[in-house]
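Listed next: structures, encoded as C-alpha coordinates.
One chain, subunit A, appears in both complexes that follow, with subunit B as partner in the first and subunit C in the second.
Right after this comes the complex of A and B.
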(Lines of atoms letter the chains of each structure in order from A and count residues from 1; the text may use other names and numbers.)
(Lines give C-alpha, C1' and ligand atoms only; values in the text may rest on other atoms or scores of the structure.)
Protein backbone atom coordinates (compact mmCIF):
# COMPACT_ATOMS: atom_id res chain seq x y z
CA UNK A 1 0.00 0.00 0.00
CA UNK A 2 2.87 2.35 0.81
CA UNK A 3 4.49 1.51 -2.55
CA UNK A 4 1.25 2.25 -4.38
CA UNK A 5 0.84 5.55 -2.59
CA UNK A 6 4.44 6.52 -3.25
CA UNK A 7 3.99 5.72 -6.94
CA UNK A 8 0.89 7.89 -7.13
CA UNK A 9 2.66 10.77 -5.39
CA UNK A 10 5.74 10.49 -7.59
CA UNK A 11 3.55 10.44 -10.70
CA UNK A 12 1.76 13.57 -9.48
CA UNK A 13 5.05 15.29 -8.60
CA UNK A 14 6.52 14.59 -12.02
CA UNK A 15 3.97 16.95 -13.53
CA UNK A 16 4.84 19.94 -11.34
CA UNK A 17 6.48 22.93 -13.03
CA UNK A 18 10.19 23.49 -12.48
CA UNK A 19 11.11 25.61 -9.48
CA UNK A 20 12.29 29.11 -10.30
CA UNK A 21 10.89 29.26 -13.82
CA UNK A 22 9.70 32.84 -14.41
CA UNK A 23 6.93 31.68 -16.73
CA UNK A 24 5.16 29.74 -14.00
CA UNK A 25 1.68 30.76 -13.02
CA UNK A 26 2.72 31.57 -9.44
CA UNK A 27 5.36 34.02 -10.67
CA UNK A 28 3.02 36.00 -12.91
CA UNK A 29 1.85 39.48 -12.12
CA UNK A 30 -1.75 38.58 -12.71
CA UNK A 31 -3.62 35.53 -11.57
CA UNK A 32 -5.78 33.36 -13.84
CA UNK A 33 -8.81 35.49 -13.15
CA UNK A 34 -7.01 38.70 -14.15
CA UNK A 35 -6.54 40.27 -10.72
CA UNK A 36 -3.16 41.41 -9.46
CA UNK A 37 -1.12 39.06 -7.30
CA UNK A 38 -0.23 40.56 -3.88
CA UNK A 39 3.15 38.82 -3.77
CA UNK A 40 4.46 41.22 -6.36
CA UNK A 41 3.62 44.20 -4.21
CA UNK A 42 5.15 42.59 -1.12
CA UNK A 43 8.44 41.82 -2.87
CA UNK A 44 8.73 45.27 -4.43
CA UNK A 45 7.57 47.46 -1.54
CA UNK A 46 8.21 45.57 1.72
CA UNK A 47 11.54 47.23 2.43
CA UNK A 48 10.27 50.73 1.65
CA UNK A 49 7.21 50.25 3.83
CA UNK A 50 8.87 48.93 6.95
CA UNK A 51 12.69 49.14 6.56
CA UNK A 52 12.88 45.46 7.39
CA UNK A 53 14.94 43.18 5.16
CA UNK A 54 12.97 40.04 6.07
CA UNK A 55 9.90 40.04 3.83
CA UNK A 56 8.25 37.22 5.78
CA UNK A 57 8.36 39.26 8.98
CA UNK A 58 6.82 42.26 7.24
CA UNK A 59 4.01 40.16 5.78
CA UNK A 60 3.25 38.39 9.06
CA UNK A 61 3.70 41.37 11.33
CA UNK A 62 2.38 44.22 9.20
CA UNK A 63 0.31 43.34 6.15
CA UNK A 64 -1.31 40.31 7.78
CA UNK A 65 -1.10 41.42 11.39
CA UNK A 66 -4.74 40.72 12.19
CA UNK A 67 -4.15 37.12 11.15
CA UNK A 68 -1.18 36.92 13.50
CA UNK A 69 -3.27 38.40 16.29
CA UNK A 70 -5.76 35.58 15.69
CA UNK A 71 -2.98 32.99 15.91
CA UNK A 72 -1.82 34.45 19.20
CA UNK A 73 -5.33 34.38 20.62
CA UNK A 74 -5.67 30.74 19.51
CA UNK A 75 -2.52 29.87 21.47
CA UNK A 76 -3.70 31.87 24.46
CA UNK A 77 -7.10 30.18 24.51
CA UNK A 78 -5.42 26.77 24.13
CA UNK A 79 -3.39 27.57 27.24
CA UNK A 80 -6.47 28.71 29.11
CA UNK A 81 -8.34 25.52 28.16
CA UNK A 82 -5.44 23.39 29.39
CA UNK A 83 -5.42 25.41 32.61
CA UNK A 84 -9.15 24.93 33.12
CA UNK A 85 -9.14 21.22 32.29
CA UNK A 86 -5.96 20.11 34.00
CA UNK A 87 -5.79 22.20 37.15
CA UNK A 88 -6.01 20.41 40.47
CA UNK A 89 -9.58 20.49 41.63
CA UNK A 90 -10.64 20.86 45.23
CA UNK A 91 -11.62 17.84 47.30
CA UNK A 92 -15.33 18.45 46.82
CA UNK A 93 -15.19 18.39 43.05
CA UNK A 94 -13.49 14.98 42.81
CA UNK A 95 -15.82 12.32 41.54
CA UNK B 1 9.48 8.79 41.01
CA UNK B 2 10.70 6.46 43.69
CA UNK B 3 14.16 7.97 44.03
CA UNK B 4 13.64 11.33 45.68
CA UNK B 5 17.27 12.41 45.82
CA UNK B 6 18.37 15.18 43.49
CA UNK B 7 21.19 14.54 41.10
CA UNK B 8 23.59 17.48 41.25
CA UNK B 9 25.06 16.70 37.84
CA UNK B 10 21.70 17.02 36.09
CA UNK B 11 20.86 20.14 38.05
CA UNK B 12 24.13 21.89 37.26
CA UNK B 13 23.96 20.82 33.64
CA UNK B 14 20.48 22.31 33.30
CA UNK B 15 21.55 25.45 35.14
CA UNK B 16 24.49 25.79 32.78
CA UNK B 17 22.48 25.32 29.59
CA UNK B 18 19.38 27.30 30.47
CA UNK B 19 20.77 30.86 30.14
CA UNK B 20 22.30 30.10 26.76
CA UNK B 21 19.02 28.73 25.41
CA UNK B 22 17.26 31.80 26.78
CA UNK B 23 19.80 34.11 25.16
CA UNK B 24 19.30 32.34 21.84
CA UNK B 25 15.54 32.73 22.25
CA UNK B 26 15.88 36.48 22.71
CA UNK B 27 18.23 36.58 19.73
CA UNK B 28 15.64 34.81 17.57
CA UNK B 29 12.93 37.28 18.64
CA UNK B 30 14.99 40.46 18.22
CA UNK B 31 16.77 39.31 15.08
CA UNK B 32 13.56 38.28 13.35
CA UNK B 33 13.78 41.40 11.20
CA UNK B 34 16.94 40.18 9.50
CA UNK B 35 16.87 36.41 9.60
CA UNK B 36 14.30 33.63 9.96
CA UNK B 37 12.67 33.85 13.34
CA UNK B 38 10.08 35.80 15.25
CA UNK B 39 7.80 35.67 18.22
CA UNK B 40 6.56 32.11 17.93
CA UNK B 41 9.97 30.50 17.45
CA UNK B 42 11.71 32.66 20.04
CA UNK B 43 8.95 32.12 22.58
CA UNK B 44 9.30 28.38 22.14
CA UNK B 45 13.03 28.62 22.83
CA UNK B 46 12.42 30.72 25.96
CA UNK B 47 9.93 28.11 27.13
CA UNK B 48 12.51 25.39 26.46
CA UNK B 49 15.02 27.10 28.73
CA UNK B 50 12.46 27.40 31.51
CA UNK B 51 11.18 23.84 31.10
CA UNK B 52 14.71 22.41 31.18
CA UNK B 53 15.21 23.70 34.73
CA UNK B 54 11.69 22.58 35.65
CA UNK B 55 12.29 19.03 34.47
CA UNK B 56 15.75 18.84 36.04
CA UNK B 57 15.07 20.32 39.46
CA UNK B 58 11.40 20.01 40.38
CA UNK B 59 8.94 22.58 41.58
CA UNK B 60 10.77 24.09 44.55
CA UNK B 61 13.93 25.26 42.81
CA UNK B 62 12.31 26.16 39.49
CA UNK B 63 9.80 28.44 41.18
CA UNK B 64 12.76 30.67 42.00
CA UNK B 65 13.19 31.18 38.28
CA UNK B 66 9.60 31.61 37.15
CA UNK B 67 6.70 31.42 39.58
CA UNK B 68 3.87 29.11 38.61
CA UNK B 69 1.01 31.50 39.28
CA UNK B 70 2.60 34.17 37.07
CA UNK B 71 2.06 32.18 33.87
CA UNK B 72 -1.57 33.08 33.18
CA UNK B 73 -1.20 36.86 33.81
CA UNK B 74 1.87 37.00 31.59
CA UNK B 75 0.05 35.18 28.78
CA UNK B 76 -2.76 37.71 29.02
CA UNK B 77 -0.14 40.48 29.11
CA UNK B 78 1.30 39.27 25.80
CA UNK B 79 -2.11 39.36 24.14
CA UNK B 80 -2.71 42.81 25.62
CA UNK B 81 0.59 44.14 24.26
CA UNK B 82 -0.37 43.04 20.77
CA UNK B 83 -3.97 44.21 21.01
CA UNK B 84 -3.02 47.44 22.75
CA UNK B 85 -0.55 48.31 20.00
CA UNK B 86 -3.33 47.97 17.47
CA UNK B 87 -5.73 49.91 19.64
CA UNK B 88 -3.33 52.81 20.23
CA UNK B 89 -2.80 53.07 16.48
CA UNK B 90 -6.57 53.06 16.05
CA UNK B 91 -7.07 55.77 18.65
CA UNK B 92 -4.42 57.99 17.09
CA UNK B 93 -6.27 58.18 13.84
CA UNK B 94 -5.18 55.19 11.75
CA UNK B 95 -6.55 51.77 11.03
CA UNK B 96 -6.39 48.94 13.55
CA UNK B 97 -2.74 47.73 13.78
CA UNK B 98 -1.62 50.55 11.48
CA UNK B 99 1.79 51.21 13.04
CA UNK B 100 2.31 54.44 11.17
CA UNK B 101 0.11 56.24 13.66
CA UNK B 102 1.87 55.11 16.82
CA UNK B 103 2.71 58.09 19.05
CA UNK B 104 6.48 57.67 19.14
CA UNK B 105 8.14 61.01 18.32
CA UNK B 106 11.05 61.50 16.01
CA UNK B 107 10.56 58.57 13.67
CA UNK B 108 9.37 58.45 10.10
CA UNK B 109 6.57 56.14 8.99
CA UNK B 110 8.70 53.23 7.83
CA UNK B 111 10.73 53.19 11.04
CA UNK B 112 7.53 53.28 13.05
CA UNK B 113 6.42 50.12 11.25
CA UNK B 114 9.80 48.58 12.09
CA UNK B 115 9.34 49.22 15.81
CA UNK B 116 5.67 48.25 15.73
CA UNK B 117 6.54 44.83 14.34
CA UNK B 118 9.16 44.42 17.08
CA UNK B 119 6.63 45.29 19.82
CA UNK B 120 4.05 42.79 18.62
CA UNK B 121 6.71 40.09 18.23
CA UNK B 122 7.63 40.65 21.89
CA UNK B 123 3.97 40.19 22.83
CA UNK B 124 3.78 36.96 20.86
CA UNK B 125 6.98 35.71 22.48
CA UNK B 126 5.69 36.34 26.00
CA UNK B 127 2.40 34.58 25.29
CA UNK B 128 3.96 31.53 23.65
CA UNK B 129 6.55 31.13 26.41
CA UNK B 130 4.10 31.37 29.27
CA UNK B 131 1.44 29.20 27.65
CA UNK B 132 3.93 26.36 27.12
CA UNK B 133 5.15 26.67 30.71
CA UNK B 134 1.52 26.81 31.89
CA UNK B 135 0.60 23.58 30.07
CA UNK B 136 3.63 21.78 31.53
CA UNK B 137 2.93 23.03 35.05
CA UNK B 138 -0.69 21.95 34.92
CA UNK B 139 0.18 18.53 33.53
CA UNK B 140 2.66 17.67 36.28
CA UNK B 141 0.75 19.35 39.06
CA UNK B 142 0.59 17.34 42.24
CA UNK B 143 3.37 14.94 41.33
CA UNK B 144 6.83 16.37 41.60
CA UNK B 145 9.16 14.82 39.08
CA UNK B 146 12.93 14.85 39.45
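Right after this comes the complex of A and C.
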Protein backbone atom coordinates (compact mmCIF):
# COMPACT_ATOMS: atom_id res chain seq x y z
CA UNK A 1 0.00 0.00 0.00
CA UNK A 2 2.81 2.37 0.89
CA UNK A 3 4.58 1.53 -2.38
CA UNK A 4 1.40 2.36 -4.30
CA UNK A 5 1.03 5.61 -2.38
CA UNK A 6 4.64 6.57 -3.12
CA UNK A 7 4.22 5.79 -6.81
CA UNK A 8 1.12 7.98 -6.99
CA UNK A 9 2.97 10.79 -5.19
CA UNK A 10 6.01 10.52 -7.48
CA UNK A 11 3.73 10.61 -10.53
CA UNK A 12 1.90 13.65 -9.15
CA UNK A 13 5.22 15.42 -8.53
CA UNK A 14 5.87 15.52 -12.27
CA UNK A 15 3.07 18.07 -12.60
CA UNK A 16 4.65 20.44 -10.07
CA UNK A 17 6.33 23.57 -11.47
CA UNK A 18 10.05 23.39 -12.11
CA UNK A 19 12.00 24.15 -8.95
CA UNK A 20 13.73 27.52 -8.84
CA UNK A 21 12.09 29.01 -11.90
CA UNK A 22 11.57 32.75 -11.20
CA UNK A 23 8.46 32.80 -13.42
CA UNK A 24 6.53 30.35 -11.24
CA UNK A 25 3.00 31.20 -10.20
CA UNK A 26 4.01 31.74 -6.57
CA UNK A 27 6.66 34.28 -7.58
CA UNK A 28 4.42 36.34 -9.82
CA UNK A 29 2.82 39.61 -8.99
CA UNK A 30 -0.77 38.38 -8.85
CA UNK A 31 -2.17 34.97 -7.96
CA UNK A 32 -4.75 33.21 -10.15
CA UNK A 33 -7.56 34.84 -8.20
CA UNK A 34 -6.23 38.31 -9.02
CA UNK A 35 -5.06 39.25 -5.53
CA UNK A 36 -1.51 40.30 -4.81
CA UNK A 37 0.95 37.62 -3.67
CA UNK A 38 1.97 38.46 -0.08
CA UNK A 39 5.60 37.38 -0.43
CA UNK A 40 6.34 40.13 -2.93
CA UNK A 41 4.82 42.75 -0.66
CA UNK A 42 6.98 41.50 2.21
CA UNK A 43 10.15 41.69 0.12
CA UNK A 44 9.42 45.21 -1.12
CA UNK A 45 8.08 46.84 2.04
CA UNK A 46 9.68 44.95 4.96
CA UNK A 47 12.65 47.28 5.38
CA UNK A 48 10.50 50.35 4.85
CA UNK A 49 7.98 49.20 7.50
CA UNK A 50 10.24 47.91 10.26
CA UNK A 51 13.80 49.06 9.44
CA UNK A 52 15.19 45.57 10.01
CA UNK A 53 17.27 44.04 7.19
CA UNK A 54 16.20 40.47 7.89
CA UNK A 55 12.87 39.95 6.13
CA UNK A 56 12.14 36.65 7.91
CA UNK A 57 12.47 38.39 11.27
CA UNK A 58 10.18 41.20 10.18
CA UNK A 59 7.47 38.76 9.06
CA UNK A 60 7.81 36.68 12.23
CA UNK A 61 7.95 39.54 14.68
CA UNK A 62 5.94 42.33 13.08
CA UNK A 63 3.45 41.14 10.48
CA UNK A 64 2.69 37.82 12.17
CA UNK A 65 3.34 38.67 15.80
CA UNK A 66 0.03 37.20 16.97
CA UNK A 67 0.88 33.95 15.21
CA UNK A 68 4.22 33.92 16.99
CA UNK A 69 2.45 34.56 20.30
CA UNK A 70 0.30 31.48 19.68
CA UNK A 71 3.45 29.53 18.92
CA UNK A 72 4.95 30.63 22.23
CA UNK A 73 1.79 29.45 24.00
CA UNK A 74 2.15 26.05 22.33
CA UNK A 75 5.78 25.75 23.45
CA UNK A 76 4.91 26.86 26.96
CA UNK A 77 2.06 24.38 27.34
CA UNK A 78 4.24 21.60 25.89
CA UNK A 79 6.93 22.33 28.44
CA UNK A 80 4.31 22.42 31.20
CA UNK A 81 2.87 19.06 30.08
CA UNK A 82 6.35 17.48 30.00
CA UNK A 83 7.03 18.80 33.49
CA UNK A 84 3.73 17.53 34.89
CA UNK A 85 4.05 14.10 33.23
CA UNK A 86 7.57 13.48 34.47
CA UNK A 87 7.05 14.99 37.92
CA UNK A 88 4.00 12.87 38.72
CA UNK A 89 6.01 9.71 38.11
CA UNK A 90 8.74 10.97 40.45
CA UNK A 91 6.23 11.42 43.26
CA UNK A 92 4.94 7.88 42.78
CA UNK A 93 8.48 6.59 43.18
CA UNK A 94 8.80 8.31 46.52
CA UNK A 95 5.64 6.78 47.96
CA UNK B 1 14.66 15.93 -20.25
CA UNK B 2 17.58 17.23 -18.20
CA UNK B 3 15.50 20.29 -17.38
CA UNK B 4 12.70 18.07 -16.14
CA UNK B 5 15.11 16.08 -13.95
CA UNK B 6 16.83 19.16 -12.51
CA UNK B 7 13.46 20.74 -11.76
CA UNK B 8 12.02 17.76 -9.94
CA UNK B 9 14.70 15.68 -8.24
CA UNK B 10 14.34 17.58 -4.95
CA UNK B 11 10.62 16.77 -4.91
CA UNK B 12 11.35 13.10 -5.52
CA UNK B 13 13.81 12.89 -2.62
CA UNK B 14 11.39 14.59 -0.25
CA UNK B 15 8.58 12.26 -1.32
CA UNK B 16 10.78 9.21 -0.72
CA UNK B 17 11.57 10.62 2.74
CA UNK B 18 7.82 11.06 3.28
CA UNK B 19 7.24 7.41 2.37
CA UNK B 20 9.96 6.29 4.80
CA UNK B 21 8.30 8.28 7.58
CA UNK B 22 4.90 6.81 6.74
CA UNK B 23 6.37 3.30 6.75
CA UNK B 24 7.86 3.91 10.18
CA UNK B 25 4.59 5.22 11.56
CA UNK B 26 2.36 2.48 10.14
CA UNK B 27 4.37 -0.73 10.28
CA UNK B 28 6.83 -0.42 13.17
CA UNK B 29 5.63 -1.78 16.51
CA UNK B 30 8.00 0.06 18.80
CA UNK B 31 6.59 3.37 20.02
CA UNK B 32 9.97 5.14 19.85
CA UNK B 33 10.38 4.03 16.24
CA UNK B 34 6.88 5.30 15.49
CA UNK B 35 7.85 8.68 16.93
CA UNK B 36 11.01 8.72 14.82
CA UNK B 37 8.85 8.00 11.76
CA UNK B 38 6.60 10.91 12.66
CA UNK B 39 9.65 13.14 12.95
CA UNK B 40 10.96 12.03 9.54
CA UNK B 41 7.54 12.68 8.00
CA UNK B 42 7.53 16.16 9.46
CA UNK B 43 11.05 16.86 8.22
CA UNK B 44 9.96 15.76 4.73
CA UNK B 45 7.04 18.19 4.69
CA UNK B 46 9.24 21.03 5.91
CA UNK B 47 11.91 20.23 3.31
CA UNK B 48 9.23 20.18 0.62
CA UNK B 49 8.06 23.68 1.48
CA UNK B 50 11.60 25.04 1.69
CA UNK B 51 12.56 23.52 -1.65
CA UNK B 52 9.44 24.96 -3.28
CA UNK B 53 10.49 28.41 -2.05
CA UNK B 54 13.74 28.21 -4.05
CA UNK B 55 14.19 30.84 -6.77
CA UNK B 56 17.09 30.81 -9.21
CA UNK B 57 19.29 33.91 -9.26
CA UNK B 58 17.93 35.18 -5.96
CA UNK B 59 19.68 35.69 -2.65
CA UNK B 60 18.55 34.95 0.91
CA UNK B 61 15.82 37.24 2.27
CA UNK B 62 18.15 39.54 4.16
CA UNK B 63 18.45 43.04 2.77
CA UNK B 64 21.97 43.59 1.44
CA UNK B 65 23.71 46.65 0.08
CA UNK B 66 23.71 46.90 -3.70
CA UNK B 67 20.75 44.56 -4.19
CA UNK B 68 17.62 46.70 -4.56
CA UNK B 69 14.57 45.57 -2.63
CA UNK B 70 12.21 47.04 -5.24
CA UNK B 71 13.05 44.25 -7.70
CA UNK B 72 11.26 41.26 -6.19
CA UNK B 73 13.19 38.58 -8.14
CA UNK B 74 16.39 39.54 -6.31
CA UNK B 75 15.24 37.93 -3.07
CA UNK B 76 13.71 34.61 -2.12
CA UNK B 77 10.10 34.53 -1.00
CA UNK B 78 10.47 34.82 2.79
CA UNK B 79 6.99 33.61 3.72
CA UNK B 80 7.61 29.81 3.43
CA UNK B 81 10.79 30.14 5.46
CA UNK B 82 8.95 31.99 8.23
CA UNK B 83 6.09 29.52 8.36
CA UNK B 84 8.47 26.55 8.37
CA UNK B 85 10.41 28.14 11.23
CA UNK B 86 7.15 28.16 13.19
CA UNK B 87 6.41 24.58 12.12
CA UNK B 88 9.86 23.36 13.22
CA UNK B 89 9.49 24.92 16.67
CA UNK B 90 5.98 23.53 17.21
CA UNK B 91 7.16 20.13 15.92
CA UNK B 92 9.99 20.02 18.43
CA UNK B 93 7.55 20.91 21.23
CA UNK B 94 5.12 18.12 20.27
CA UNK B 95 8.01 15.69 19.90
CA UNK B 96 9.06 16.51 23.46
CA UNK B 97 5.55 15.83 24.73
CA UNK B 98 5.49 12.51 22.83
CA UNK B 99 8.80 11.43 24.36
CA UNK B 100 7.62 12.38 27.85
CA UNK B 101 4.46 10.30 27.29
CA UNK B 102 6.62 7.37 26.13
CA UNK B 103 8.72 7.61 29.29
CA UNK B 104 5.54 7.56 31.40
CA UNK B 105 4.17 4.57 29.47
CA UNK B 106 7.41 2.65 29.87
CA UNK B 107 7.55 3.35 33.60
CA UNK B 108 4.04 2.05 34.10
CA UNK B 109 3.87 -0.93 31.71
CA UNK B 110 7.57 -1.90 31.32
CA UNK B 111 7.20 -2.27 27.55
CA UNK B 112 7.12 -0.16 24.41
CA UNK B 113 5.79 -2.80 22.02
CA UNK B 114 2.36 -1.79 20.80
CA UNK B 115 0.77 -5.27 20.88
CA UNK B 116 2.11 -6.16 24.33
CA UNK B 117 0.91 -2.77 25.50
CA UNK B 118 -2.63 -3.40 24.22
CA UNK B 119 -2.63 -6.79 25.98
CA UNK B 120 -1.49 -5.26 29.26
CA UNK B 121 -4.03 -2.45 29.11
CA UNK B 122 -6.97 -4.86 28.73
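Note that the second predicted complex is superposed on the first by the 78 of 95 C-alpha atoms of A that agree within 3 Å, B and C clash if a C-alpha of one lies under 4 Å from a C-alpha of the other, contacts with A are read in each partner's own complex, and residues count from 1 in each chain.
We take it that a residue touches a chain if its C-beta (ideal position, glycine included) is under 8 Å from a C-beta of that chain, and two chains touch if they have at least 3 such contacts.
Source: prediction; values computed, not measured.
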Putting subunit B and subunit C on the same copy of subunit A, do they fit or clash?
fit
Is A:65 touching anything from subunit B or subunit C once the two structures are fitted on A? First, second, both or neither.
first
Once chain A of both complexes is superposed, is A:87 in touch with subunit B (first), subunit C (second), both, or neither?
first
Subunit B or subunit C: which reaches more residues on subunit A?
C
Is A:56 in contact with subunit B, with subunit C, with both, or with neither (first, second, both, neither)?
both
Examine A:75 and indicate which partner it touches, taking first as subunit B and second as subunit C; both and neither are also allowed.
both
Which holds for A:42: it touches subunit B only (first), subunit C only (second), both, or neither?
second
I'd like to know which partner A:19 touches here: subunit B for first, subunit C for second, both or neither.
second
Output check: A:9 vs subunit B and subunit C. Expected answer is one of first, second, both, neither. What do you get?
second
Aligned on chain A, what is the least Cα gap between subunit B and subunit C? Give it in whole Å.
6
Considering only the contact definition stated at the top, list the common interface residues of subunit A for subunit B and subunit C.
53-54, 56, 60, 68, 71, 75, 78-79, 82, 86, 88
Mind pulling up the subunit B residues that touch subunit A in the complex?
32-36, 38-40, 71-72, 75-76, 78-79, 82-83, 86, 96-97, 99, 110-111, 113-114, 116-117, 120-121, 123-124, 127-128, 130-132, 134-135, 138-139, 141-142
Taking the touch rule as given, give the residues of subunit A at its contact with subunit B in the complex, in rising order.
48-54, 56-58, 60-62, 65-66, 68-69, 71-73, 75-76, 78-80, 82-83, 86-88
In the complex, subunit C touches subunit A at residues 3-4, 6-8, 10-12, 15-16, 18-19, 22-23, 26-27, 51-52, 54-58, 61-64, 69-70, 72-73, 75, 77-79, 81-82, 85-86, 89-90, 93-94, 96-97, 100-101, 103-104, 107
Given the complex with subunit C, which residues does subunit A contribute to the contact?
2, 5-6, 9-10, 13-14, 16-22, 24, 26-27, 29, 38-40, 42-44, 46-47, 53-56, 59-60, 64, 67-68, 71, 74-75, 78-79, 81-82, 85-86, 88-89
